[in-house]
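Some structures are shown below for you to check.
Each of the two complexes below includes chain A, the first together with chain B, the second together with chain C.
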Partner chain A sequence: MNASSETHTPVLEVRGLGVRLRDIAAVDDIDLTLYAGEALALVGESGCGKSLSSLAIMGLLPHVASLSEGTSILLQGQQLAGLDEDSYNRLRGNRMSMIFQEPFTSLNPLMPVGAQITEVLTVHGVPEAEARARALDMLNKVGIPDPAVRFNQFPFELSGGICQRVMIALALVGNPTLLIADEPTTALDVTIQAQILDLMRDLMRERDTALLLITHDMGVVAETADRVAVMYAGRIVELADARTLFTSPRHPYTRLLLESIPGISTPPKTVLRTIAGTVPDIRDWAEGCRFHPRCPFASDDCRKAAPPLEDLPLDGRSHKVACRHVNKTELL
Partner chain B sequence: MIVQSPTVLESQPLIEVRHLKVHFPVNRSLTGRPRAWVKAVDDISFSICKGETFSIVGESGCGKSTTGYALLGMLKPTAGELYFEGRPLESDDEEGRRMVRRQMQIVFQDPFASLNPKMCIGESIAEPLRAAGTPQEKIPGLVADLLDMVGLHRSYADRLPNQFSGGQRQRIVIARALAMQPKLIVCDEPVSALDVSIRSQILNLLLKLQQELGISYLFISHDLSVVRHLSDRVAVMYLGHIVELATAEELFTNTFHPYTKALFSAIPRIEPERKKAHRFILQGDLPTPLNPPRGCPLITRCPFRQSICDQSMPELQEIHPGHSVACFRAKEFGPFTSFSESFSEK
Partner chain C sequence: MSRFILKRLWQAFLAALGALTILFFVQRLTGDPTLLLVPEGATAEDIATLRASLGFDQPLYIQYLQYIKGLGTFDLGMSYVQGVPVWDILMSRLPYTLWLTAGAMLLSIGAGLPIGVLMALKRGTILERLLQGVVFTGQSMPTFFSGILMILLFAVHLQWLPSSGSDSVTSMLMPSVALGLLTLATFARVARTAVLDELGKDYVRTARAKGVPMKRIIWRHLARNSAIPVITVAALEISHLLAGAVIVETLFAWPGLGQVAVQAIEARDFPIVQAVVLFGAVASVACNLIADLLYGLVDPRIRHTGGAQ
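Up next is the complex of A and B:
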């Protein structure tokens, strides 16, 4: 269950992933490696490119977006970059699947939920009767009460929490090796969110599925992820195991971001830390290090060229940071 | 029943709410007679002191926003009394309400939807001033002062909302709310729509304004870390009822109601040491307010329910000075002191 499964072959290996929105690089040269049974969180604020990255991996980029030259996406060794739609269709729902934020808009409103889950299997060649049985079993596994009744119900008859359970059943019924969850609980109430996160964790553990979790909620990340990649303005700025990232963040952005969230140890009604300025619009991304206009340590070098994402291991654990001033972060 | 809302800060309450009910008719018949009612807010009482931040927390549909709207007169209460600085507010006394309404303003969640996109922001901020009859020659100066107060440059007054980011827009909305020098601002999820790195800027601004101007806030939020940081007192709502009410400090150390406990435990937090296994997670879904359960509202999901719980609704009762709980078994259990062990022992 841990990040230290280096000996296995990775489930997903992304190298130099870039996504262009017309002529702007919205995602810029991202590397990610994901192992079986591992949960990697991709976090960042709105517009940082986290959702585009996940859509690129799933081959679901909108028409205005395209993969950059030189992108390599390996799913268990198979190259996905440049794959045609038919080949992608054979993989999606089968070896890789995705859960979206809005359960209501992601389900077909005109089809009973059981039929939707069954369809995932039948399009991949499972016989109808077996598919139905597996779909029903899956509804049971995701903890839906009265699965036989729910099987024939339409999404509008179900609550948000139940719909998201149906989405999870849909995503996992084909036994994928990779699951991408894009803000899976953002639309849900907190007591329901806790149920769904627990369910996802249990099912992933049971099946050794690799999870790529896209979210902006640091609390969800802290409780779900084994490793965390922090994105800012289209690039990964820090990548480390979750505990290390939350206890000793080394990129100024990560550190300031975590400190701006009031926590248990923050004295009430005191002034919180802030990050100067605002989250930049994609058209205003800075030259060089994209965080430099908001960074207290920005130097001339930072304005000229982007720092590479370098591994600076601490106590033998990998900790990648893209910053020239890593040593100063602790002064913050 | 004023016992329910103890005056923690020794001062006269600015606002007092007694037995407030807001019911919405649904599913009307052909003759227009409602066949059913959604009891969005069902008999709640509390008071807000001068300069105090009173927070209401709860999940969607619990009635927290409805309470705020009823207070402002944006919704007509079905029953109950409101007092502003000791004077009763009658819902049919339009003139009286209008005067009071100036002293109560609101900041909504979505700063993109709260500003007229075709009106420059100086105009938006000036609108309430005009409506109140402020002389035209004074307006530009007042607008500039308000922009100053929320940390925006004075020269921005003639820009359109689309030239501002979400955080800046929320500052503009706050400036507009401040224009009438209100005594109370209802903040309905004011930072939920903002990026994390912007939230603390707005929270700092709200704190600064309170210190400088002595404003009271009714803070409506589901984000407990924010609530804990800003609040003096906190009410927890579930299905239209207040189930627990205490000072923020007390509530976050001694939780009595099982729902509060579950809510606090469900919120994912950045505490690497926290044991996931000890989380207290409620089973099942929120019941629909159209068909609430009989007796205690939590009965369908509470692991501690007994026969007494489905017979009548537990009243909000003071368990400590300043700490009220609506649970038949609260005394028997004592507080859930820590988030972990105490539960498994019970």
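Up next is the complex of A and C:
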């Protein structure tokens, strides 16, 4: 992130985002700010609320889930919380769009892929002929060979990687300012993963799109993100630029998480670190700091109250951590 | 594709032949029709003569082979009772049954599908409960019961509609509704399930993420994806409607095939019964074949795996 973007209005400004699953708070008081051309990764294990957060921003929460009171979601200054479906429809596909995990099932099996991309534009008032031309052009841009042939094919005639390229084309054809990608490469082969990530990054840079990347894969984060927000049990526990987070993580959870991943320099047969315990079920989230049952530094304070997400800048760079024992993390 | 159709036609031929063979022998277990045809006090000699002229003195397998031979030349035989070619009887009554079935089908699809879709979209609301009530009622009332209730209400009490006959369009109304009610309920149920299934799928979420309004999602995305179960049921239901016509036509004195069949069974007029069953078998096989072809039109995946090779 460069200094000049700080002065602009953020593309996305989320304040106090909460999502309730029936009566359980599944996402708790999350703040996120995202600028044009920037990629922010929202990282965490399954069930930590990262997908719900992204669906909340898109206005696509399942009907058992709802936004908590006091949630504010600003897209280029426009309030999205409480927006009605029609107004949301005018924004989705147009100013904000989303890529999902499963490229096959995320596309309509009975509609040629070209028509599915074209539809993004026609529902927002672009004339049919122009929409088709732009859709075809987009298929070309996402690197699909023979785009004119692919245009009329159905998803079942395409590979998973090509389908995900189609999804990217579909998400970007409307030139959105915000792109949310929820585990965009998880369902793909490793070799295809890198291609898809490169493609997303290139297109996003080219168009100055802001990217919110939801993933559990630290490799994907390292390759794509400018900044990283680490989520644990519905809360953000650490937020820093990617390099800082990887080189000097300060929350015990982040640190343990990173050390549990083998690096290329890890000698063979090294016993990797593990985090004691398991990811808690949403109904068993602890009082106070939700990581305390698995944390080696947990004190009585941690059990009583959740530590706030505080900015503890390092070398002049913002680095937010929610932990009372930041100083001890080095000891791990 | 043509090989696929040929294969289906061959299967259809076998199915129809099987149905006819079973019917042919089972019917002859019910007794000798000559005894019903001869007048009171006929001598044993008269009976023997008539039996011989109808061919009943021949061994059963000879009778069967002759019947099949006749079918091969599109000869359905003569009615024992009326002495008229069965073909003529069939053709004079068929239009009535077709009208009745078409009316019932139109009603059940025209009302059943929207009811089902609405139930899926308004899940958990009072409207869904209300419609569920209608569907349950339709589903749990046998045709002969709902038919009689309708006659009581609309013909006897209100005197809006004729209770029987086939003189005008209005006389078709009650039989069509009575016949279609059950099918309507089936369509509503199937449509509801199909739409609910599809609503939870990822591509619907993608469509919403594209900013596609719900109405358009239903017409452009859901409708085609939920069509397969509806087509399957439609093909089956046409056979059910033909079967149901037997009861409804008797109830409303509607001069269709069903009524002819019932009268023929009572009189042991075998050729007519056989002809009606043959028609039913051919009709249901044809419906299934059409359904198979429609699958391919709706779903390109089936077109690729089912027909082409």
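Following the convention adopted for this analysis, the second predicted complex is superposed on the first by the 327 of 332 C-alpha atoms of A that agree within 3 Å, B and C clash if a C-alpha of one lies under 4 Å from a C-alpha of the other, contacts with A are read in each partner's own complex, and residues count from 1 in each chain.
Please note the rule applied: a contact is a pair of C-beta atoms (placed from the backbone, for glycine too) under 8 Å apart; a residue touches a chain by one contact, two chains touch by 3 or more.
Bear in mind the structure is a predicted one, so any value in this text is a computation, not a measurement.
Novice: After the match on chain A, would you call chain B and chain C a fit or a clash?
Specialist: fit
Novice: Determine how wide the angle is at the CA centre of chain A between the CA centres of chain C and chain B, giving a multiple of 10 degrees.
Specialist: 80
Novice: Touch check for A:Val279: first (chain B), second (chain C), both, or neither?
Specialist: A:Val279 contacts chain B only, not chain C.
Novice: Of the two partner chains, chain B (first) and chain C (second), which one does A:Cys163 touch, if any: first, second, both, or neither?
Specialist: A:Cys163 contacts neither chain B nor chain C.
Novice: One more residue to check, A:Val126. First (chain B), second (chain C), both or neither?
Specialist: neither
Novice: Name the chain, either chain B or chain C, that contacts more residues of chain A.
Specialist: Chain A has more residues touched by B than by the other partner.
Novice: A:Lys269 in the overlay: touching chain B, chain C, both, or neither? Say first, second, both or neither.
Specialist: A:Lys269 contacts chain B only, not chain C.
Novice: One more residue to check, A:Ser46. First (chain B), second (chain C), both or neither?
Specialist: In the superposition, A:Ser46 touches chain B alone.
Novice: Using the superposition on chain A described above, determine whether A:Val11 touches chain B (first), chain C (second), both, or neither.
Specialist: In the superposition, A:Val11 touches no partner, neither chain B nor chain C.
Novice: In whole Å, how close do chain B and chain C get at the C-alpha level once superposed?
Specialist: 10
Novice: Going by the contact definition given at the top, which residues of chain A touch chain B in one complex and chain C in the other?
Specialist: No residue sits in both footprints.
Novice: Which residues of chain A touch chain C in the complex?
Specialist: Within the complex, chain A touches chain C at residues 58, 60, 85-86, 88-94, 97-98, 100, 102, 105-111, 119-120, 123-124, 154, 156, 167, 170-171.
Novice: What residues on chain B touch chain A, complex-wise?
Specialist: My answer: residues 59-60, 165-168, 195-201, 203-204, 207, 222, 225-226, 228-231, 248-249, 262-263, 265-272, 274, 276, 279, 281-286.
Novice: Once bound in the complex, which stretches of chain A touch chain B?
Specialist: Touching chain B from chain A are residues 45-46, 145, 159, 161-162, 189-195, 197-198, 216-220, 222-224, 242-243, 246-247, 256-258, 260-264, 266, 268-269, 271-275, 278-279.
Novice: For the complex, which residues does chain C have touching chain A?
Specialist: So the residues of chain C in touch with chain A come to 201-203, 205-214, 216, 220-221, 224-225, 298-301, 304.
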